[in-house]
Amino acid sequence: MSPTNYLLLSALLFAIGTVGVLVRRNAIVVFMCVELMLNATNLSLVTFSRINGNLDGQVMALFVIVVAAAEVVVGLSIIMAIFRTRRTASVDDANLLKY
Amino acid sequence: MPGSTGLTAYIPLIVMFVLAAGFAVFSVTSAPFIGPRRYNRAKLDSYECGIEPSPQPVVGGGRVPVAYYLTAMMFILFDVELVFLYPYVLNIDALGLFGLAAVLVFLVPILIAYAYEWRRGGLDWS
Amino acid sequence: MSALVIVLVLLPLVGAVVCGVLVKGGRDAAAKSLGFGVSLVELVAVAVVWGLFDPAAPTRFQGESSVEWIPAFGVSFSLGLDGIALAMVALLAVLVPTVIAYTSFTQAAERFPDGPDGEPRGAGGFVALMLSLQGVLVALFAATDVFVFYVMFEVMLVPMYFIIGRFGGARRQYAAVKFFLYSFLGGLIMLGSVIGIYVASGTRLGQATFDWAELQRLAAQLPESTQIFLFLGFFAAFAIKAPLVPLHTWLPDAGAQAPIGGGVILVGVLDKVGVFGFLRYCLPLFPLASQTLAPLVLVLSVIGVLYGALLAAMQTDMKRFVSYTSIAHFGFIGLGIFAFSQQAIAGSALYMVNHGISTAMLFLVVGMLASRGGSTRIADYGGVGRIAPVLAGLFLLAGLTTLSLPGTNSFVSEFLVLLGSWPRQPVYTVIATVGIIFAALYVLWVYQRTMTGPLRGEAVVGGGPGAASARALAGGPGFSETLDPPDGTSTTKARFGDLSGREIGVLAPLVLLVFLLGFFPQPLLDVINPAVAATMSEVGVADPVGPNGVAR
Amino acid sequence: MPAQGQITAAALGVDYAALSPLLILFVGAIVSVLVETVLPHHRRRPVQLVLTLAVVVLALVAVILRATSGATDVVVLAGALSVDAPSLFLWGTLLALAIPSVLLLADRSIEAGGVFLPDPEALAAARDRVGALATGGSDAGRGATGGSRGGSSSGEGGPAPEMHTEVFPFVLFALLGMLAFCASNDLITMFVALEVLSLPLYLLCGLARRRRLLSQEAAVKYFLLGAFASAFFIYGVALLYGYAGSVRLSDIAAAAAGPLRSDTLLFGGLALIVVGLMFKGSVGPFHTWTPDVYQGAPTPVTAFMAACTKVAAFGAILRVFTVAFGTTALEWRGVLWAVAIASMVIGTVLGLTQTDLKRMVAYSSVAHAGFLLIGCLAITPAGLSGTLFYLLAYGFTTIAILGLVSLVRSGDGEAGHLSGFAGLGQRSPVVAGSLSFCLLALAGVPLTSGFTAKFAVFSAGLADGLAPLVIVGLVCSAIAAFFYLRVIVLMYFSDPAPDGPTVSLPGPLTTVAITLGVAVTLLLGVLPTAALEWAGAGNFLG
Amino acid sequence: MNPLPPPGTPGYTQALIADDPLWLTIIKVVAVFALLIFMTLFMIWLERKVVGRMQQRPGPNWNGPFGLLQSLADGLKLAFKEDIRPVLADKVVFFIAPVLSTIPAFVAFAVIPLGPEVSIFGYRTALQVADLPVGILVVLACSSIGVYGIVLAGWASGSPYPLLGSLRSAAQVISYELALGISIIGVVLYAGSLSTADIVSAQQNGWYIWLLPVSFIVFAVSMVGETNRAPFDLPEAESELVGGFHTEYSSLKFALFFLAEYVNMVTLSAVATTLFLGGWMAPWPLSLIPGVNEGWLPVVWFISKMFVFLFVYIWLRGTLPRQRYDQFMRLGWKVLIPVSLVWLIAIAVLRVLRNQFGTISAPVVLMIGAAVLVVAIVVALMLPDRASDEDEDAAEPPVVGNYPVPPLDLTVPASPPRRRRAVSSGPAGPSKETAAVGTGQKEDA
């Protein structure tokens, strides 16, 4: 299978994530869309790594994974802080965003 | 080279997956046909030890206690740590002292953060 | 002499700081006295500089000094005076003590708006701001570095802004912001050109610089297209400042809302920066563009002459009236400058000084009247000449110098401008001459409405807004004059009297200057002429008027 | 294993001297976390404050030593970081800006316990003490401080409750990220640094004690949009990696100069990267988070963020533009003209309509980002030094302004609304004077740093043929002057509302911070030579 | 095809298996599948029997010899029970969850080496379905994916008990997975490969249980946690959660969960055997006999070792009470993870030092390791459970001011006694102060 297909898939996923961020209003869902974008990037990186014939891309994917994880932690903690202030632990109330 | 076999090495895994999936899906789909069907309103309510179920908001919409989020966050951090340790230990001999120092520079802050978490009660299940 | 020039800059600034400290300490009276003293010392220093100034010196600037400021931009703090700048500095040095004396020591001193404690603001702060403004303006006129000039051009807005905004009339905020924004916008457009000429000097001279002389040398190399762009940037700022007609709308507001003292400096000196800029920067730095675009400026100037005169005639407010007369006069100055003849330019330079004196006088007299009547509306006054003949006489004199009656200072300059413009620009000259007639019209009409005839008007006889200040002035000469109309049906009693001795003292030097320069302008012309000649040669236009005053 | 596989510090280019500022910050941040772990609650704040300041000052000293020693530019850590003259200037700027920021963060004089979530029990205890004192008849003392009812802004009811001291390690980590960000020599390092600087900032934004929901909402917003932007950034990195086969900036430049490759990848990658960078610099159409976050975040955090993030972001923008895309500038610069114009226009026009001072500062920062972009687009040494100088000047002015804003308080916290500033010139001439001065600096009045900076950037832009941009910049400056002036007008020419906000007497920390900001603003306006010379000391090392 | 590397070197098994034709692969897969099903049935019987014996009762003894067919009967019976889906359940996910939890349990076993090179129908191959360069990661991955089945099952049920059970289960699995992962790293460090076959062959000269005792202990404990087995069977704690995540499941779906749990047990036992007990290699005295590690015989060794673990599972269930959840989490987060981390650092440091500065004998390694471990544990235990109550945010004050805040059920702290007295005594003056203080309380938030 041609690596270009992977690139297309990655672009598609990235686009889906972008649209999701722009369209959805629930903080957690938006956040998940961002993660989708990051993972689409990983796919690109690995594919390019294959195309270019060096391992840099895979190493970068690792970095991205780590960063994504750190983002998850920070994001969740901020969202949790909001829940605490509002005295609710439900994810469903995370509709503060009106940007 | 271990990796030279490429993706063909995964074929057995896929076969295994297909077999297991087939088995599981068959079980799940066949169950309603094999078993009897005797309608009873109470059976279809969610189970709350026999008492009348308290109204639930939505499917899966129950409240998730904050502590689970905390655990999830901690897991992510340490899991990522593992991601880095596996490649390191595989090449521990090649990386030598400098590699060890680098990994320690990586691990010690994590341990300090871990100690912070511990002291602040982040590891206590409340 | 160069040390003296620096002193001229620093002395008022230091004085301003000390006055500010005194005001902060609640010692308003001390601040006023000190400020007045400083301004007198400055006047003496200017006189000394004047004495040292050698009209026959070969260099364009005298008393030059230069200190490295921002080497990265090729900026140095360079000062130096040519004749025109010296005249402006001298004018400033005369006007500032006058204004301070008027504001601080006359009984009729205007009532400033209330401060935080409910009391009117004391004049100490005003004096401090005035001194700082003087320092900045001296530096501006003396700057021989374009960057320094630009910096001062912007910085001078700040004290003026506060003078209007803190001490002005009812709509002072609006006026102050309008003033600041117009000038600031103009300044930013000029900044574009300043940067442009800096960059151009970098590419053409090899070393980017702001030195005026270097940039003047650059003028010969710049193609006309570039010159036009850069000229327009400078021109926009100066035209706003001058002000030329479409960009003038801030001046009546600022002039009307500023306190009298502020108005004097604003219209008398600060606005001169615009025409000064034409003379010092537009013409020498962009000679080709100046010639190409001269018709534009001439048209605007002539429009200004007529438009200013017409609007002046239609004003109902005396301060706005003074502002509009100035717009008309600035038209004359612009005409003189862009007529490119030795006489016209010299006339314009002379006009800058003379207009400062006459406008100052007009403003001060209006202020004295307004402080009595508590109003600046023309319709509120009538027959003032009966109760305050000295005031009326000085008002008339100020009006006459404004309309350039022969024998007053303005006549000489106006005549020179028209004489010098005629050979090159006969059409514009003729049209501008019409403005003189208008001037006679508006001045005399205002005089007639306010000073002659029977006592009338809210401010003079009624319970007008000036009741409180009128009481403070009770006891002045003529205060109790009672007029019994022939039919005896009613008794009209004026609420105020004539000028006090101090007020006459404030005006006396200006009266003196009006006649001195009216009959004997040569010393001033001697100082101005070398600079004008230099400008002419920098523009590179042959003088159309021969040495004997006859057109070639 | 064979010995030739051995990797050593030297082989990787670990130049400890060049890296010392980063190392100091890193160790400092770790120690700071340890302090949080080990020390009891009430002892943390002084220790953290001293530690943080010491670390920042030490790092600053290291930067200055390095800059003055004439050491050659080096690329360290296997090409990850480039320690060159612009890096050192940016590092110095960041660290210098960090000092007043930290002082503002640590201040407790304005609000008992500082602006960050204090420990609630200590707060309750302090409240009880205040209550007891009030009964004892000391109400007059509190009445004298003005409208600050209750114990909110008066600390005389015993020791003030403690603040969340986690802000100090956060600041140190964020600084570390910023330093690395503007010195990164490859895109993946830049990405990681971007996150290291962003994540603590997200958290800091949500820590306000008052108006907590607003603050937390700001944090969520900043976080989500920030994560969104960094996703764009990393996708751009991926595309450029696909283009050049490497993410080193110089390799990308080499690839672009080399044989023909897919322009789609190059310019697609550039566009995506630019989105990420512009977001951080709150430029133009990517500014949507700026007003909300500036307003919602605790004011000291806003100060830190506004000043330092901008420095880091534009440092990185400069580096990317110059090193990686300098050779292809002609092809992409046109698009960024539009961005710069958009930024200037959006910032000025929307700034006109704001009624909250912090939001106004936010929009002003958008406009200033546009001005800065002019300097970045002029890919010349003059553009570089001008932008660097602009960053320094802008940072200090902004910190001073936000520090001053934090002083004006009404009963329920800061009086951000413009009406709260009416008549400030009469009630508190010093505060009003300083604020006016700083606003004039933002407007670009000569003799303030703002003017010198604008001059530097605009002249560089003009020299590089960006005349239209410069003209738009000048016009926008003039329009923007209106909303700065409006504040000054309010402060000086309006009468204070009788029940309007009061001006808190700042404690030593805030005083020092504000004084520093104002003094630098003046200094850079009058005598900018030293800073300008340092800013122009050298160029990027590929 | 690549030339085969010499036997015994890393990658040999991989190359060997890579040559398998598809039919051979299918045979192996089916065999392993059958083995797992059989093991499940047998384990259920064994568990009931052993627990019965431990409790002085016979256990199942009716169906077949010794009741051996009891599990089969139970399974068939389940198939003929009604399949209930609660009305509140999410249809699709409720259906997917059991499938999702079953598949990874089987797949993980694919990488377990059951024996050395053998010949099947004339083909030389290894007794292993798949040998991957990342073999051990497949096990970890599968155990992680399995959690999805459990979480989704609880979530989709639309019922409180399953939800809580699934959350607990997820938290439990991820908590213990960390310790599991770290302990595996120790093995990887010594084996130098992630391939299971290589790990087994690396233990030719000594099982890792001796070399890495700490890792082994941590692994063994985590293994029990991972499989939700007693004493860590909190997700299905009958007494608290009725049955945990599968409360709402019935019929074959329930059977699938049951199956998955037992298959997981078997798989993890097999992994433990592979990692620490030398896999299919014969134990020490027997290993002296030549030929004992060749052919089909090692399968016996492997399965018997596996049964050791499986028996321990049963034994634990028979003897230990269930832990409280907080105790359980504390064990995971405060003991297993730090201990394994410190241990890992210790062995890594020793490894590098030995490489750099010559040999250090194994006993020294062990002693140092033990010392470090003891120190670490002591330090860990000396740390207070919680720094103090001061960081507790539970009593956060309400939110201030004019920003709209949802009504919160907050209690205003009681006024201190002294002021209350003042209020009651002074009629005019103090009441104002009270008001001031009252507003202060609200605003201080």
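Labels for the chains are A, B, C, D and E, by order of writing; each one numbers its residues from 1.
In this section, contacts are C-beta pairs under 8 Å (C-beta built on N, C-alpha and C of every residue); 3 or more make two chains touch, one makes a residue touch a chain.
These numbers come from a predicted model, not from an experiment.
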Chains most often in contact, by C-beta pairs: B-E
Chain whose average C-alpha position is farthest from chain A's own: C
Farthest-lying chain, centroid of Cα atoms versus that of chain E: C
Innermost chain by mean C-alpha position: D
CA centroid of chain A to CA centroid of chain B, Å: 18
Centroid spacing, where centroids are CA-atom means, of chain B and chain C in whole angstrom: 82
Averaged-CA centre spacing for the pair chain D and chain A, given as whole angstrom: 26
For chain C, residues contacting two or more additional chains: none
Per-residue overlap in chain D, given as positions that touch at least 2 other chains: 1, 212-213
Multi-chain contact sites of chain E, meaning residues that touch two or more partners: 355, 387, 391-393, 396, 399
Partner chain D, residues of chain A touching it in the complex: 7, 10, 14, 17-18, 21, 27, 30-31, 34, 37-38, 40-41, 44-45, 47-49, 51-52, 54, 56-57, 59-60, 63-64, 67, 70-71, 74-75, 77-79, 81-82, 85-86, 94, 96-97, 99
Chain E to chain B touching residues, read off their complex: 2, 10-11, 14-15, 17-18, 20, 22, 25-26, 28-30, 32-33, 79-90, 95, 98-99, 102-103, 105-107, 109-111, 129-133, 137-138, 155-161, 163-164, 167, 170-171, 174-175, 177-178, 181-182, 185, 188-189, 192-195, 242, 247-248, 251-253, 255-256, 325-326, 329-330, 333-334, 337-338, 341, 344-345, 348-349, 351-352, 355-356, 383-387, 391-392
Touching residues (chain side chain B, partner chain E) in the complex: 1-5, 8-13, 15-17, 19-21, 23-25, 27-28, 30-32, 34-38, 43-49, 53, 56, 58-60, 62, 64-65, 68, 71-72, 74-75, 78-79, 82, 85-86, 89-90, 92-93, 96-97, 99-100, 103-104, 107, 111, 114-115, 118-121, 123-126
Chain A-facing residues of chain D, complex: 188, 191-192, 195, 199, 202-203, 206, 212-213, 216-217, 219-221, 223-225, 227-228, 230-232, 234-235, 237-239, 241-242, 245-247, 288-289, 292
In the complex with chain B, residue positions of chain A that touch it: 62, 65-66, 69-70, 72-73, 76-77, 80, 83-84, 88-92
